[in-house]
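As written, the chain order gives the labels A, B, C and D, with residue 1 at the start of each chain.
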């Protein structure tokens, strides 16, 4: 179980493999891994976006992510999890967030990974300011739900 | 959109990166990736498992996986997807299946990835025969649902 | 007409063979085909059937040249 | 008592400062604290508040030495 807030570009695949190597003793128990990666798009709300600054509340960011991850471990039968969140200046195609969950059975990995992402989106103290191609800057107003209407 | 059935061990992280590099023109449109990886456990139904043979119906395996992936592309707004399924002799810790879905928004990636996995589990013509540590061999009887009861 | 029948996994082991090449005169269903190929074995309850690699129900018609497959519940993934 | 107040993101820009260090005599709530620190600005509708990095509602009490933060809806991930 680990939570990292990182400044500067990170490669999510390398982070996952590095973390997985560190939990190799669990490998024979793992039947399922669900991974979510959020990356920066080059458009938003109809506008071309050039770059973005991710502000956070140092200390509270880590604390809230840990609270969320603990909730997931209490609610589902999961073996381990990793959360990495980027801060600072970022450009399109860069990874913003990585959530990985390992479990014996697939239902728990899917449920817990999605839970962590939704909770992070609504509770982790991070804020995005977009810089458009037109040089206009704007704060993203709020995150919307990640659940599609049925 | 690609479906591969492979004989021999594969590294899911390498497969994802290789595929992602081939769709780099989409990268600025991608805001979300949801990935599921199924790996072989060293126990099942209370027994220690030594190895496993994955039989499949060549031709129908590919065909059914393609049908499932097309259904997912019709049902959700997704940009691309990759499915890799292993066949042949495998040992614990090996990857069995990889499903990756890329989309603009996270809800579609999560929904489509899970849909593909569940459909694959119930419809793709693959069969597992387990070899226990006791040398006893048995066919896995059937897949169970991946949805936790609410 | 000529039909290829294939068996997979535990069903293949139980029957002791992986395929039959059958010739029939009359039009028949997937269920009839099983009976013709396996007169001593009743159709297992949870069996799945495919014609030309697409799932079908047991009362579907079989046509000349079709490949028909019978197999147990799938357990991949 | 002495309270540190922090502001983030668009709120920080709007107020033109990232923190206040305040001294009060009486016990007060998070809402009172906003009023003391920002007498000209009414509390924005969708504001979130944390005391010592945990979410609280606006009527929670503030204690000596607490770090209180106000910020807009979060937009990470």
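By our rule, contacts are C-beta pairs under 8 Å (C-beta built on N, C-alpha and C of every residue); 3 or more make two chains touch, one makes a residue touch a chain.
These figures come from a predicted structure and were not determined experimentally.
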At minimum, the number of touching-chain hops separating chain A from chain D is 1
Relative to chain B, the most remote chain by C-alpha centroid is chain D
Cα centre of chain B to Cα centre of chain C, whole Å, reads 27
Cα centre of chain A to Cα centre of chain B, whole Å, reads 22
Chain A and chain C have mean C-alpha positions lying a whole-number Å distance apart equal to 48
Check: chain A positions touching at least 2 other chains come out as 38, 117
The chain pairs that touch are A-B, A-D, B-C
Residue set of chain A touching chain D in the complex reads 38, 54-57, 59-60, 63-64, 85, 96-97, 117, 120-129, 139-143
Within their complex, chain D touches chain A through residues 6, 8-10, 13, 46, 50, 53-55, 69, 71-77
In their shared complex, chain B is touched by residues of chain A numbered 13, 16-17, 27-43, 76, 92-93, 104-111, 113-114, 117, 145-148
